[in-house]
């Protein structure tokens, strides 16, 4: 049993690394994946690969669609989707991923601070767990795979 | 041909009314629907119907899940989903609805100001049109149904 | 907007009638449906229509499959599924319907007493609302359709 | 050909062990899986991982949803679902799993005593086999994989 | 509640008329449909509409695919599929329709004589009822819609 | 029985009108639909509604995606899809629609001259009928609905 | 690339062995599977495993449903389904499998004599190839995998 | 992570080889596949394997359906579909594949010259990237798998 876990959302803290470290420490048979998390590369991939655009809209659109090749495929392959919301930026892509995963019937785990509970109530209504710390996410994954907690 | 159009997102301006007025003026055979847009009712429906909760998380969770009965059903019945993003609040429910609709293969139209283009690039990558004004949304709906623009 | 609501579960109290009366009083545009609720007819339909069986297993099997023609079709046509659990009998058909509806992505509302909370935790984990009284179910349906509560 | 078999239901007898032993003795290429079968851990996983709840409903709800991450994923991955009903407790989760599996089109095998035939008639109407002993389940699995019986 | 019932199979006896008469006598709100039952027209529709073919294979293939436009659409629209097997001819199209309907999750009712039980065991394994007379089929439809039997 | 028929492809001859006239003459209960067939409007709808683009690619992309709202919705609602290929232009949109319809399991009828048989062999491999004249398409629709030919 | 090929139908000639030998001789990376082809075992598996039945119908039904665990799973796992029709017996299970596979969108190859063309026209209308000899089936599989013919 | 990439379309230039070389040079874990690209073999496979046909239509039809066994299976197994359009021939099969892939929700990348932008606008409306050179396709695949560009 090797499950795929997609990690969506915030790219400005080390929550992915914490989960990865925790998963390895627990010896869990999980394949973690995520979008390209280098902000500049992610923003500029369209221009770099297919040439520059004159308008911000199409520059963004071209890049976002290339990123969507990766993201939509990984979410479709995922057994579990974890979505992290931080306290900065609008992070609409994280909420979009959560909605996308929910419609596909993927078990959803959210990760966010207490302060965001009200703003995330519709997302949490579709989630099977809402964690406050990366360590809790690791505990949920560990329990899900091994039955130990 | 009577199509269902679901209007998701911001509840603090009159964009829904503008679209409704425009649709009626154009004589379009469309059924518009949306979530419950009265903020307080939407927040408190869980407590009011099923009794109060002690913690903010479960109060929100109970209400959001009741709202999800309506929202998920209407999006599933919709032929087209319009999602409006304003400049205030986090509006993660709007992005969640957009992702949900996208995964179901529903044609998606976004409605937002120029200033939000970069923040919404992943959502727009899944949209078939990105409008700046409610009048443009009406024009798209009119063209889609009548072929006139 | 006329939605189909399937009422599953217990047949020994008048909860269906209470919901029907409440729905009519509220003037809701809902079509309520349910399995054949006459216990004896439901048990004997196989024998009556297709002839008697010698063993209890096949008598039950034949009847239950004929009932399944109705039940599975109605659940597939339903927009919302309400499942009632009483305090007597095993009611595995109610829990089966709940699981069936959940896998089809139907919004699920449970109706049961406080005392059954622990026994129904897995069913409620898949439900969007858990009501204690038929009146609460009516309130949820009314809010879902009209936005008033 | 390595098939996944999910074993759902009763956790108070050693039927899972009997099936596992039988499968190994027969040298069948099957991966058996099940929910977390330690009762206390299963009940308390929500509190232990995400912190305690004040009310029984939300304590149960939080735990059951974490368990659902595992259960729903394993049922979706399963080629065959076996559901065991014992003579004690309400076991609505077992019937829920059966309905969930049936709606996904998974071949369903039930395992229960003669005395439960009538109570399980709707579940058995959706099953491809109804066994009385774990040894019979092993025989069915063996026949399914090897053609020998 | 108006359900669609597709009547597949044998075209050499008046079983369709018997069912239609019975349905009307019972006042059931059902829409009955079937393939084109005029044998010669059904066989020759390809040649008549699109021009003659030189080889029997392609003459049949052309006609059968035109018939499939009607049949596959009606089965997809059906809520219930009834398949009749007579004692003459091979009737592989009837068994094909039964398999097609079963894979789509349509409730299946078979109609055939006692003598065909063994030959139809795989088809009946996927059926929710196996009737011997058209009157029994009408009784099942009546019970399914009205709960009376 | 009122079926939806989507007419895709060539917009430079009057084949749609011929089919419409034939359908009316035959008194068939069919709803015919198609993309916006005014070439200039179809090409310019993006610019007209959402404002001009500087580059041909994005002008076309914006318009084509608005047209896709109509086309994809109509194909999904269609019971039968007719695709016409003429002898001029590349008509990749017609072949795209055919592939789209085929993947959704829609019965497909092609309409084209003898000369295009080889070029359309992959499309015809997925079609249930290949007609040479609009009158033949009408005959197929008439036979499909009425059984007369 | 290792594809699964399900071989359905007639069990009274050595066509399966011929295909298996041909596939091995051609070195094709294919996993062939089929129903249990020992007639007596297949007929009696229900009685042997779960105990005898008094009536022929339920004896057959019990056995056929156990066989369906294997057959339905293998067809769902198959990339290609080959269905063989002989000149004896009714072979409704073969036609049922063909319809089941067709509804799931599985590429279908039929194998039968010239004499059965007319009787199999509806099945062949759903097939991508109709072969007369096992050697031709092997050639099709070889071409499909290697591009050589 | 080993993804399947299906390469559809033009067979008269070495674009497939260029992509394959580029993918190998970049060390990407991708399995590339495509239709049989030998023109004559692809055209004649039906006649060679199943015997000659008298009419061009059925010769083509028989061959195209055999090719469809391979093509439809590979597209269904693909994670990403690349479709190449050249400046010669009608290439309706390429556009058909694009539509087929789009309806299945497969991420689509087109590859064509600037001159074809207008003719391909409907195809590009469904694509997540439109490349001008095979090297750009390799860059997109590399970025999708490794996040580097």
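Going in written order, the chains are labelled A, B, C, D, E, F, G and H, and every chain counts its residues from 1.
Keep this in mind: a residue touches a chain if its C-beta (ideal position, glycine included) is under 8 Å from a C-beta of that chain, and two chains touch if they have at least 3 such contacts.
Everything quoted here is computed from the prediction, not taken from an experiment.
Graph distance from chain B to chain E, where chains that touch are one step apart, equals 2. Chains compared, chain E against chain F: the Cα-based superposition rotates one onto the other by 90 degrees, nearest 5. Of the chain pairs listed in E-F, A-B or C-D, the one whose interface repeats that of C-E (more than half of its contact pairs identical by residue number) is E-F.
Chain B and chain G have Cα centroids lying 49 Å from one another.
With centres set at the average Cα position, the gap from chain A to chain H is 31 Å.
Centre-to-centre separation between chain E and chain G, using Cα means, comes to 23 Å. In chain D, the residues touching two or more other chains are 65, 68, 105, 125, 128, 130.
Only residues 54-55, 58 of chain D touch chain B when the two sit together in their complex. By the touch criterion given at the top, residues 56-57, 60-61, 63-65, 67-68, 71, 85, 89-104, 116-126, 130 of chain A touch chain B in their complex.
Considering their complex, residues 31, 33, 36-38, 41, 45, 48-50, 62, 65-66, 68-70, 72-73, 76-77 of chain B touch chain C.
Interface of chain H with chain A (complex): residues 1, 3, 79-80, 105, 107, 109, 128-132, 136, 139-140, 143-145, 147-149.
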